[in-house]
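In what comes next, subunit A is part of two complexes: it sits with subunit B in the first one and with subunit C in the second one.
On to the complex of A and B.
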């Protein structure tokens, strides 16, 4: 849950910065229009919406400081203990699960982003047989219920006789992440003016130089967005993971299992840390963008 | 002479297109194109929108493969050569500046790919040439359209290619800047002796800058030659109407002498010198430029050296400062346009007046079209040519005021 929210937040930040960049300093100023709903209705509605959105996050954050003993449901006083000793309880089970999730997320993201980007470029730029059917097929993993996907994969692994471990989880995650990467990067490739690559070729750039100096830098925002989405999806995934993980623990799996006996505050600590990390990313992106805009404004 | 892309061109290379055909799926953009551009010349390609000018440039640059035919640059067959290995640079119609690079990085791009020393210094020099050195650190999105166009120009020129392709490189500039850039381009071209292939909509630009102008229509060259020659002696209806305006008449050849042919146009005999007529018998189309036609209030004396039409009625007078345009309707013949310099004060005739028109026999020309085709050609291109001219007349007027 929280993973998706973070991803959305980070992606939102990225997309927005992209738009601003594209429109440059000449970007139109948005004219503000007064809405005739009364001056109080909109603010109240906005506040309610934010409260609804933010309560679970605030709850998670606050209860990561709860001096709980076993279950983390009622408030028992403030402490930093859980943050400081997060890896020392239950033999570090929370941290191990968290580390597994990070490794799986990173590896699956790198593979899915690389393959997905190549597929996206091929789908937009080249005409070949079965191009449109491939485009359609790539949508299928997104449209199929995760339960079906997870169970199907598990059956295949069983049939082939592959033992379930980190590798099978990474394979499963790569599979469903690729679709999302392709869709995200494809939009970016499609909006890329082919004349730019032609100009690169005209200016003596070999195919690889044109790719690395013109195409790739222009695709970077899309690729980054795809990678973040991919990582968030992988980090967050419970259903497919649960079918294909065997005895390997991941963060969502750990929380699911421990939920039956009261989630330990350590889980809140890690969830909060992830949230704060995402928040810092967004803030850094915004600040650096503002700084760059200022620098450019000074130049002109 | 083979041209390396690793160094600056010492001089221009000649370009030869042999039997080029270009088919896109479902559309033939160029049916059959033969073209030779001598080294060091400033060659202008002029034609209506969609006639295949950009396609021709793309074929030369290597961005498009011809369906048939060969392309030779400096005598070397480059038909199979990739774009980045051709000693050619393009100023793109859409500029195509790299949005993620600063202006200076854009301009230095070609030099760096070729590992030419002093890339930055040379790039700054090129930017100074287009008066944009002070914006070197900006991004393309932070420039105006005209500034972007000048950067595109600098980015191509800095490479000193043996052959420079310019696809309407001055379209977004205001008149003053355009004149200035035209001068710069001409200077660069003459100094280094590079070959320029310049595509433009602006006939005045083509006429003033180019050594040779080619008028292109529907994927083939209609006529090619020095600007004066093209203007004074058009060979087809299309050229006669696309480059400036023309009064055209169709009739049957009724008599020939050693030096001239006489054409019977609805009972009036119009004479054209044999050397200025492409066809000497049968049904022919002849013409004369409006500024060469004189307007008379009284019937002019018959003379063997002048063609006379009339009487007719003035149906439109438009005064534009230096000259006045009269449109005269002559029964049976149609309308004749007359441009008269305003030597006296005000127009010499007004709407409804009875007038005659005449012109020196030596000023007429005879076209090479089949008259049956003539009507077809006139249709859409004519309105386009007229629109262009109206616009230019307006611009000229604005410039004067």
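On to the complex of A and C.
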């Protein structure tokens, strides 16, 4: 409710300022006071909102430098030790869990991105009868709570008699990643300029040449985005993993299990390193995209 | 139907046949995968939910049956958890919407003039995704524990009773759910608000609507697709979540949700039929609620 009122107040400010610029014929004097309020309230709120969103991240980063003994709850002084000796705790249990998460994420991403991209191309480019039921089949996993997906797969593995290990985790992760890959790549396929493929055909390219030399390179940014999304989803997944992992540990599962006896600072180190790596990746992507947009603007 | 098919084959004898074969080749592996690992698990979940205990009474061994009483039993035993799940998820969704709307409005509308600022803020919105959500939730647990700076200050200021706790209460679980799903709410809101044509708002105020009326009658309806997508992306995972409500995280013995009892029944008590029945109830309730919600908000074409 308070959000609505604030947004409304700001909206008022926006309206006013634009009107004053265009045509000041509707007595801006009384309203001018509201401009001030609206113009300040929302930026201040935004800054506070970001502080709130980022507090736990900063906490996690800071406590990766804590000179803790076993559990990492109270501040005991600054040290680089945990960053330098990440794998030295509990016989390397954190690192083993982390390595498992990376392997699972990579394998699930490769399979899900391949299968999902194929489906996305077929959905946009071809008409066929079962279209709407296929779309539903791909949409439903995203609308199903993870606990149901996890329990369902676990019930199936139990019924068939498949023991839970790394493979069952990968099978589970691939399933929910496919839907997200389809959604991401579909948007890219739909926005392709058909004239480019036509040009390829006009130059006597065979269908496979046109696909691999024209269509596929144009799809790469979408496929890459989908792959990153799948990896992130798989890497951070806990709920589905918990039902299908048996005794295999992943990074989130390690945190869940050790939460009752206290998380070692080494877990913070790994999470912080992953965070910083992802942040750099996103910033590089954004900057290169902005640079490319600028170059294109200069050309035209 | 038959005639139309005939007409196309006559016009282009080769192309459609070959194309449909390519489509089949592209679709088959992925669709087969989804049938095997999404659809049949749902069916085996339904079958499991109807199983009866093994006649020799072995723990964790069940026989296929049509034991629909399982559903009655779990509702009788776990109705507080069922109500709690949907209640907490509903409150968290409303709070996340109230928190995210002004934020998304600033990023999507007010910051349009500064593309760099806009992309920096978007990175900040998704930044929480880059760090394990379990660790973020545990960070809040420490930051809001009884000995923490925030809680001791609140007690010193008499804003909180001296013997009161925050962690382990329903408020803490709702707080955690809200925090964890804010990015899921903010991003779709941003996407629709970013495309909002400001001339509609101008038209509203030109017709002498006050700012609040413009907001209510123009901005909100135009951002409805974002509101619906955001609330669904928040409500569905929140209703099934069991991390926030877990005793080792923000919850306590009286805050357990459906996810917690499904996990306990499946992984600890090995009572698979009860866990499966609860999962089916959760999924069915969500599908019904989402169906009603999407129909009433008039955004069916979103699905």
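FYI, the second predicted complex is superposed on the first by the 242 of 300 C-alpha atoms of A that agree within 3 Å, B and C clash if a C-alpha of one lies under 4 Å from a C-alpha of the other, contacts with A are read in each partner's own complex, and residues count from 1 in each chain.
One rule holds for everything that comes next: a residue touches a chain if its C-beta (ideal position, glycine included) is under 8 Å from a C-beta of that chain, and two chains touch if they have at least 3 such contacts.
Keep in mind that this is a model prediction, so the values were computed, not measured.
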Partner chain(s) touched by A:166 [first = subunit B, second = subunit C, both, neither]: neither
First, second, both or neither for A:199, with subunit B first and subunit C second: first
Comparison of subunit B and subunit C by subunit A residues contacted: C
Overlap of subunit C and subunit B interfaces on subunit A (superposed complexes): none
Residue numbers on subunit A that touch subunit B, as the complex places them: 21-26, 193, 195-196, 198-206, 209-210, 213-214, 217-218, 296, 299-300
Contact footprint of subunit A on subunit C as seen in their complex: 19-20, 22-23, 26-27, 29-31, 33-35, 37-42, 44-45, 47-48, 97-103, 105-107, 109-110, 115-116, 119, 121, 123-140, 142-143, 179, 182-183, 198, 201-202, 205, 210-212, 214-216, 219, 232, 236-237, 239-243, 246, 248-249, 258-259, 262-263, 266-267, 272, 275-276, 279-280, 282-283, 286-287, 290, 303
Subunit C-touching residues of subunit A, taken from the complex the two chains share: 1-12, 14-15, 18-19, 34, 42-43, 45-46, 49-50, 52-57, 59-60, 63, 73, 115-116, 118-119, 121-122, 125-126, 128, 134, 137-141, 143-149, 151-156, 158-159, 171-172, 174-175, 178, 182, 232, 236, 238-239, 242-243, 251-252, 255-256, 259-260, 263, 267-268, 271-272, 274-275, 278-279, 282-283, 286, 290
Footprint of subunit A on subunit B - complex, ascending: 5, 61-63, 82-84, 88-90, 92, 94, 96-100, 109-110, 113-114, 135, 137-139, 141-142, 155, 159
